[in-house]
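Each of the next two complexes has chain A plus one other chain: chain B in the first, chain C in the second.
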Partner chain A sequence: MRSQVKLGLNRATGLLAVAAVGAFLYTFMPSCSMLADADDTLCFAIADAKDGVVDWPDEEYLEPGYKNDCGITDYHECDHCDLNPWFLSQDDRDYIEGFGLAQGHGWADLGRADVMTFNEVTKEIDTPLGRTYNAYANLVYANPEGIELDRSQALDNFEYYDTFLKWAPAFVSQKTYRINGNCNRDCETVFSTNCVIARTVHGPFRNDYIDLYQTFFYDLDAVWRASTIVHEVRHARDRNSHNACVCGNGSACDFRWSSNGANTYELMWLAAYYWTPEDHPFITPARRERAASLFNTRRDLMFCEKPRWRIGDFIHINEIPEYYVEQVACSEDPSNTHYCLVLAN
Partner chain B sequence: MTRNRYAQTPMRAAAILCALIQIDCTTSEQPYSITGGYTFARDFEGERRVLRIEPSSERLATCIETSLPAGTSSSWKRALLAPAMHQALIDLLFDETRLPSYQADLDAVEESGTFICSPRPSQPDFCYMPELVVTGDVPKVWVKVASKPTPRLVRSPLRFGLQKHVSLSNQGRELVEAFLDAHHACWDPED
Partner chain C sequence: MMGKVWFPWWAAVLPLLLVATQSIGVADAPSSVEHRPLTHHLGRAISQLDQGSRSPEYTESLAYLKLHAREAVTELSAPVLREPGSLGKWQVTYLIGEFGDESAIDLLRIFMEQPKPRAQPAREGSHATDLQFTEEMNSRFQAVSSTARIASHRPELRDQVVETLIATAQRGDFLEDSAMFELQKLLGDEFQSLRGYFGPEASRHFEPFMPPPQWHGLLARRMEKHRREEQALREKRRSLCEAK
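== the complex of A and B ==
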């Protein structure tokens, strides 16, 4: 009996010793996040603020090979302060805040106070929140009604939402609860450019939220940011997850177009944006071309069964919105009476 | 027994609380996407091979091989490509003198590439086109858009047809071969 107690005590002492050594080593270990990605430029810039002034990152990580269609290198058009109407109007800023930014977390550190800061040379908006506004600007102003749109109308009210681009901001608004800003870069390895842009968290008994990462703010142009939001929102309250199959987009693949998932929504928005009239007051040729490029590239990456049509097939998307939205978008349900055009796979 | 039952009550409460917390925290995270790098995806003879490489000096590659339709998730492999192999693939992609040939290959597959379809029970037919598609920050190419009179110069995937009736330039063939070598080195490095 005594020897058993002794043995037990020895084991406990041994375990305690191992735990103590582990704790000691752990104290001096570099953090896993440091090993995973030591390039959180934005986090460092915020931590290094001088007299409260942050030196915001201004380079896109896709540079120097970043010869983007949006004219970033030459004109910084997509994030140009003069070309985004919210920059001149408090009403517009309030409207954009209503997309879930107002109740978002993390924005105080990411420049809510100085959202209007811009690069004096390029006139490019500097702050993460400002660049997020520019993403929403594409959603808001692609629809000519802009902030006059009543986003609270029911999403199946196609008499009111008579174009896809009019419906899209209402969809984004009604399906978003909270948009958070996050200074981290979430990349595969140190210096990797394979980084997560945004992440949506949803589940029962909780409010969904979307986290936006450094890559969202500084590696993407504003058109791509906008389509990202449409994509993420489809994950949020609709709780539509990606499928477990193999495509060129890592873990963010959908089986096919008619899965009606986040990838389908993202591409539909890009197609509708592309097919706006050429004299559109907000969508310049550079923005339009950017949407086309994104559509062309991403349609080949995101689906395990590649869609057979191209952007030209969407020429009427802005005329018949109800054929393209929600459950009626290319449904395979035989009881669904909506015409599905050619987008059936 | 009675004492034990009372003693278990707080334990049960704690267990229920933990379960509820677990349910509340059961979230489904959706990594959205990846930004940089180049993706080569080849669909051929009922098989899909995908290789992702990083630009410039990063030699990290990820790859996967699966049968078509690629309905079930397989796991991706990671490997460091040999510097020469990685550089060769990048060089082939960005050699400006090769771009006209790549453009011709793209036009050929757009014009005469055909889908191979097979029926599936209670599902739409599965169709794929035998081709290699390269996406990422690739050089701009001229793309025809329906209803537009002239082609447009946009950043669009490069496509190389792998069917006998689709012409493929020597330059395109070299790129396909280099991709296959790199994919093999990533997928089966011991071989």
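== the complex of A and C ==
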């Protein structure tokens, strides 16, 4: 009996000792260590660079064993470098930097000097910053004026921003203070595909900033990345947070379309991207279809009260953007204070 | 005593080692996939999907896939029907719409009829997005659009496409709006003749969206302005191409 008690105590002591050592190691482990961030693959990739070359992750979590089933081995993210004017032009890169990237934090750790490394096989851009440029490229070149667009005009100047795709880059530029790159993979659990894409911090007495996580760089295609930026920017200076309600997505929900929140803005941009001419110099049919799929999915999932507006209802968003954006009064009558979010529900 | 202390360590580390060893095994295993022309063209079409017809390789592979549509659809049916949602699955669903035949319409119909997926629950207050679920939803919506696209390159299948889209819309589930939108695009004015297939709750689909009358003047001016700008851009591009 006594020896059994002793054995039990020894076992308990041993387990306690193991737990204490584990807790000690966990507390002092650097952020890229296996125990602290077991799924922090981007940190590992950077830490494990061979001769300065990083083996950037590429959708590792979304394609388990897929290539073995149908023999398709090449994946890409709808953002080939040869379709991106910024790839070989310093002026274009400077224009993109002006969106707040120049003030960003964490980019040096992610290879700031290297925006143009690309995968030889898929011709895809590898680096987090390069992929972020690709997202901005979608914002900039969806409007054929590209870097010629003056983003400093007032946001209610719809004679100048006479399409939503002209208005959107100005909105993003004027409402962004700083955008950071973050190597963390912020998921529910290790190996989970339920992950935070980006986060915006705003509040009084501080400069707003947007953190982009590993999921933003490596699990999203460039069209989704671009709409995510529009979404996050709506959180920033407009201080428009998500509503506390439950939707199909389970989180990050807005009550309804007329909450006029980040989800509404994201969807408006996707709709405008979809409603571009078929021979658009930058937007290919696959990108247009991708925008439509994302619009439909996000519309279905991101609102607690499903919007009645469908993608077809946005057919004029690139003709009369002011009709869709809460920026101007609907009537010339000064006593009419109703704003033009006519698409409210 | 020491053995007892280390036991929990080993118990924790051993499964990790096993998983790691298995992963290495998978990564190093030689590919058992035969390098058939079909596999080659499917892979190339997907890798050039973004560029589409701007890529000669894509055009060539798409021509091959159109000629061998039934085999290609068979090859892609497993990823469409059984794989979890991913960007790759969306790409495959899009590609089927580019070359598909009758069997593709059947495959996409089965895919669209599958029960609606559900997102994994997120932690309270978390702003996480379930990527796999979102991509599955993206693929379902793409299946509707891909079905409609088949009618554009195989006009002889237009009736079958219309029938499938009507059936999808009549189910009244989350794909209804997309199916109605695709029918509207496909049929143009003829779309109004479908009113009889749907109940009064679907009437909103048959009323074209128009901004209020006070916007019509501005709308017309902008449309004209943008039409002129686009024309000028096309001419500029044409002259640049001819100069090359």
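Here, the second predicted complex is superposed on the first by the 276 of 345 C-alpha atoms of A that agree within 3 Å, B and C clash if a C-alpha of one lies under 4 Å from a C-alpha of the other, contacts with A are read in each partner's own complex, and residues count from 1 in each chain.
Basically, a contact is a pair of C-beta atoms (placed from the backbone, for glycine too) under 8 Å apart; a residue touches a chain by one contact, two chains touch by 3 or more.
Just so we're clear, the structure is a prediction, and the values are computed from it rather than from any experiment.
Enquirer: Touching A:285 in the superposition: chain B (first), chain C (second), both, neither?
Expert: A:285 contacts chain C only, not chain B.
Enquirer: Is A:206 touching anything from chain B or chain C once the two structures are fitted on A? First, second, both or neither.
Expert: Touch partner of A:206: chain B, not chain C.
Enquirer: Per the contact definition in the header, classify A:219: touching chain B only (first), chain C only (second), both, or neither.
Expert: In the superposed model, A:219 contacts both chain B and chain C.
Enquirer: Per the contact definition in the header, classify A:308: touching chain B only (first), chain C only (second), both, or neither.
Expert: Once the two structures are laid over each other on A, A:308 reaches both partners.
Enquirer: For A:255 in the superposed arrangement: first (chain B), second (chain C), both or neither?
Expert: The first partner, chain B, only.
Enquirer: Residue by residue on chain A, keep only those touching chain B in one complex and chain C in the other, then list them.
Expert: In chain A, positions 61-62, 65-66, 69, 188, 192-197, 199, 215, 219, 242, 248-252, 289, 292-293, 296-297, 300-301, 308, 310-313, 315 sit in both the chain B and chain C interfaces.
Enquirer: Mind listing the chain A positions that touch chain B in their complex?
Expert: Going through chain A, the ones touching chain B are 61-62, 65-67, 69, 188-189, 191-206, 215, 219-220, 228, 231-232, 235, 239, 241-242, 244-252, 255-256, 258, 262, 289, 292-293, 296-297, 300-301, 304-306, 308, 310-313, 315, 332, 344-345.
Enquirer: In their shared complex, at which residues does chain B touch chain A?
Expert: Spelled out, the residues of chain B in touch with chain A are 20, 23-37, 39, 41, 48, 50, 52, 54-55, 58, 60, 62, 64, 66, 69-74, 76, 115, 124, 126-129, 133, 135-137, 143-148, 152, 154-157.
Enquirer: State the interface residues of chain C toward chain A in the complex, per the touch definition above.
Expert: 1, 4-5, 7-9, 26, 31-34, 39, 42-44, 46-47, 49-54, 75-76, 78-79, 83-84, 86-92, 94, 119-123, 125-135, 137-139, 141-142, 145, 174, 177-178, 180-181, 184, 204, 209, 211-212, 214-215, 218-219, 222-223, 225-226, 229-230, 233-234, 237
Enquirer: Given the complex with chain C, which residues does chain A contribute to the contact?
Expert: By the definition above, chain A touches chain C via 10-11, 14-15, 17-18, 59, 61-66, 68-80, 83, 122, 144, 162-163, 186-188, 192-197, 199, 215, 219, 221, 242, 248-252, 277, 279, 281, 284-287, 289-290, 292-294, 296-297, 300-301, 308, 310-313, 315-316, 318-320, 323, 330-331, 342.
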